[in-house]
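First chain A sits with chain B, and in the next complex the same chain sits with chain C.
== the complex of A and B ==
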């Protein structure tokens, strides 16, 4: 089927190039048949890419090692769940996933807009097909997933142990869904600039895609953070790593865009800003893909890199930037605002300030992310940038953001009076002040962490503001309909999904940032080298290394530890952590050594997660010096036995080899169990981190709010639009 | 088998992509009537946005973010804007 796969890619490229031509010709001549044909070209590509992706998935599931990517990233012992996810652990599979998702979302967007924004659609179609051509071209020329080997190996190399994590099934497709969906508003914005149709129409047809992209990218970022926290063995969830930043930057810009388009829709303002913002967001999505795929910046999240892709990506990004800037400059006269800001104390003013903060945050992250490359280009030495460099810039901006996320919901559009300000701000301000007092009185040492203290107070303000909005909304609804409170809440949200979905997102952000502030400011961390029976104290907890564990198998040698955690003499929890070593396929490491000295390792953390704090630990059993002598002797002995077997008659060799491998397995089992019978000291990383669960919970609230805002408007709400139209017409006739 | 699959895929692509040309031959230029003029579509989008704005102001008023005086001023101005959009829409639809 590899031949079919290769043919599908070539066919896809031909159709994409044809589609670009058809779309542009249709736009130029006004012949709808050509425009419709170009749209259908996208549907056809979606079908072809789905077929191609299925072929690769089936190859992975069947462990067909004639495919090079299957041999390189899977094995017969890889669990089925991870076989399916292993596709996107490879460069080739990842690029195929990109173009597969792009063609699917583009087809959906073009289907939904087939009778709308007719001038813009052909250009948007051409741009989306251009992206398809680019990525299909990459898979054909540089990273073909269908390349095969004439002499396939009997066994594959297996999936990188670090990628054997449940979130890996969802995290990359989510991030890629976000990236690919962001190209849709990009394409429509550029189409609007080309045609000069710069009203809010293009925003209305692509807003849902921008929101879906924002939601998926946000979920992807959060899952990546969760993977980092539970898999990488360093105890953190965010390292300001280039790949993390690459996903965060378009998310921040799309957050700004989703707020500022409301101002354009309502007031006809910020047209230049909005179009520039979404063009920057689309470009940033491609830069994000470039960073992950090229490996130009070292990252804990990048598992494959291919410098041959660099030039192609740089050309695409340059083309996107140049065309965006050129078109915005060309249309600057038509992009003038239709009205002006009525008051600095209005929701639109708050949105503008929030936009500036988000863009400033993105600019800081962009500069610091690329600083190692810039420093290398200027000085010849790559300077590494770590979290301490980011914090002085990011923390104050995050504080302003959470404060604004509380101010936004309680301030009205257009105008605000002092009396209204007093009425709406009193409760949230009182809650923030009470939080401040309670924290200063009850939490000793909190005053030393000014930023965290401010974050808690501002988050309390935002949560109180959102709660007040829900409460008042329910009260108003109940006054009108006399519904029971839960029903009134349901109806209120159902009828005003954008508004209350947004408020829910704001509440989630506040909860998330409470988690970030708490876990980063009040974390206790220490390394301890312990023998079984020894204890160590951290943040009032007594942690005792109760017993070692060892599990040998053909797939993995695992050294583990059981730790008992107690406080004030009371048992709190039992933690299990282990260190897995996956055998190497490199014969030079020795018959026994390849099981113990492989670089393919995985740390499994011991975690007790709670509402107030997490107790986190990981054992580092990378060094097995007490076993090295036995390993070396074993290697020598088994190498000698292998040499003897090779001299036996061919017919006798298989039996002798089986006996030898059984002996080897027994030897490895005995060696592994020495970790239990003759334990040696091992190093533990122990962390007590408060409020980490708030971060994940905040993320879930954000996703829930995003889904509320994204959910289609029900028929009932549409009817309200019509009745409002009749009311407005009646008003006009009366006038 | 593989060759056949590729041929089937290619044939399906040609069928999908060429469908609008075959339809034009069969049904003439009726596709042009399906959509609305871009001016009308643009005004309809503006009308929807204005209605949303009026509803938002009403909700802001009910939840206490706008006082009675402010609401009546904002509502009056929004309705005036909505009326001018409706008038423009009527003019565009008559053309």
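== the complex of A and C ==
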């Protein structure tokens, strides 16, 4: 099947190149047949890539170690769930997943637009096929997933223990879905610039893809943060690592785009800005892939370091930047706004300010992420930038953002009046002030954390503003229809999904940032080396190392600890943390040593998550040394026995080996249990973090709001929206 | 006010703000950035009391209770430095892996700051083992 897989990739490349030619020829001559043919080429690529991806998936599920990537990232003992997900733990599998998703979403976009924006579609098709050609080309030339070995190993290396996490199944495909979907508005925007069809139509046909990309990327980032939070050594939920930043930057830019297109749709303004923003977002999605796949920046999350990809990606990114800038400059006269900003105190101005803040945030993150490369180019020495350098810039910008997320929904379009201010701002401002007073009175020491205090107040303002909008909408609907309050709320959201979905996202952002401010400003952390029975205090909690645990098995040897947490003499919770050692296949480590010294370990945190705080702990994985003497002796003894067995007649060897392996297993079990019978002091990291759950809950609210906004609106409402949009455009044109 | 004059003023204010932010960003990043040094650079430059971010490959490791002692080698030159580290060790830490650790010179050795040790996560875990098997 590997040969079939390789043939599918080559065929995919040929079809993509043909499709580019057909689309451009069709656009030039105006012959629809060629344009339709190019669209069908994309469908064909989707089919070919689906088949290719299935071949690799089946190879992983069947543990076919003749495929090099299966031998390198899976094993017979890897659980089926992780075998299926192990495909994208490899460079080759990741690139194949990229092109597979790209071809699927591109096919969907081209199918939905087959009778719309006819002038733009051929160029958009050519651009999307260009991306397909690039990524298929990479898999053929530099990262072939179908490369095989003539002498396959009997057993694979297994999946990296860090990647054995339920999120592994969802996080990478979600991020990749976001990246690949962002290329669709990019392609249509560039197509609109090439053809000069610069009305809001290209936005309308791709807005849903931009929104879906934003949603998937956001869920991907959130799942990644959750993964980091539960894995040791990945820097908590956010470490400003290049790979994390790579996914955050296009998300921030697409957030800005989703807001600013509303101004173009309503007022015909910000055309240059919108087109530039989506071109930058598409480019940033490719830069994100480049950062993860090339390993050019030191990242704890970068799974690969492959300089062969660098030049290809740099060429693609340069091409995207140059073509984008050239086309925007060429069309600048046609991109002139149809109307002007009436007042700086209006919803348009707030949206523009919010856009500027989001772009500034992206620029800061971009600069600091690439700073090691920039510093090396300027000074000749690579410099490292840590989270403290991000904070002075990111925190004030995040504060402005959360404030604007409250102001945006309640400020009037065009120009604010004193009556509007009084009517819409009184309640949120009062809520923010009450929050400030309550925090200053009730929470001791909060005044020392000015930014956190401001964040809590601004978030309270935003939540109150959103709640007020929902309440007013429900009240108006009840007055009209006399529905019960829950039904009125449901109908209100159902009929105005984009608006109320957006408000829900704003509420989620406020909740999420409360979690970030609380957990980053008021966290307590300490290391403690304890023996069973000993205790340590942290943030008023007494944490007692109750007992050690040890579980040997063929797949893993696990050492753990049970900790009892109490406060004021009352039991709060019991935590269980452990670290598992996965056996190595390397015989040079010794008959016993390969079970203890494989270097393949996974720490499992003990976590008690609550609405107000999380208690997080992990036991240090580097704690086998007290057993090392026994391991060495065991290795010597069993090596001697193995040598004796090899001298026995061949017929007697299997039985002798079975006996030896049974003895070895018994020895390993006894050795493992020494951790319980003769416990030695072990080191723990203990963290008490307030409000972390708010972060996850806020993320879920954002995703829910995004889904509401994404869900198709009912047919009647859609007709009404179209009529309203037509009326608005007609009014503008007549004016 | 004349609308075009108004627009010019807004543009000037926006550009000034952008320029100020950019200047602050450039100044802060260059002043806050810490050099990532190799083992051979560390041997030549190290001054007691100053912290350095050391990057390189782990060539040996040894445990003494909760103290981890390991050597980090310069990827280009055959020179390595000894590091003493207390604190949690990332799961992928092992001989042959790339690491970053913040260190300070103390006597003949370098002491790593607890929690500063990060290990690059390789794509092909246990590659060597797979070959051996």
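Following the convention adopted for this analysis, the second predicted complex is superposed on the first by the 711 of 735 C-alpha atoms of A that agree within 3 Å, B and C clash if a C-alpha of one lies under 4 Å from a C-alpha of the other, contacts with A are read in each partner's own complex, and residues count from 1 in each chain.
Please note the rule applied: a residue touches a chain if its C-beta (ideal position, glycine included) is under 8 Å from a C-beta of that chain, and two chains touch if they have at least 3 such contacts.
Keep in mind that what you see is a predicted model, and the values were worked out from it rather than measured.
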For this session: In the overlay, answer first, second, both or neither for which of chain B and chain C A:410 touches.
Result: first
For this session: In the overlay, answer first, second, both or neither for which of chain B and chain C A:462 touches.
Result: neither
For this session: Please indicate which partner A:543 is in contact with in the superposed arrangement: first for chain B, second for chain C, both, or neither.
Result: neither
For this session: May I ask you to decide whether A:381 touches chain B, chain C, both, or neither, giving the answer as first, second, both or neither?
Result: second
Seminar exercise, completed: Within their complex, chain A touches chain C through residues 71-73, 89-91, 153-162, 231-235, 298-305, 340, 344, 356, 360, 363-364, 367-368, 371-372, 375, 381-386, 388-389, 392-393, 527, 529, 579, 584-588, 598-603, 618, 620-625, 628, 680-683, 685
Problem set entry | Complex contacts: residues of chain C adjacent to chain A | 3, 7, 10, 14, 18, 21-22, 24-26, 28-30, 32-36, 53, 55, 63-66, 68, 86-95, 98, 100, 114, 118-133
Exercise. Chain B touches which residues of chain A in the complex?
Worked result: 1, 3-4, 7-8, 11, 15, 18-19, 22, 32-34, 36-37, 40-41, 43-44, 47-48, 51, 115-119, 197, 199-201, 204, 265-266, 410-417, 419-420, 423-424, 469, 472-473, 475-476, 479-480, 496, 499, 720-721, 724-725, 728-729, 731-732, 735
Problem set entry | In the complex, chain B residues that touch chain A | 2, 5-6, 9-10, 12-13, 16-21, 23-24, 31-32, 34-36, 38, 41-42, 45-49, 51-57, 59-60, 62-67, 70, 73-74, 79, 82-83, 86-87
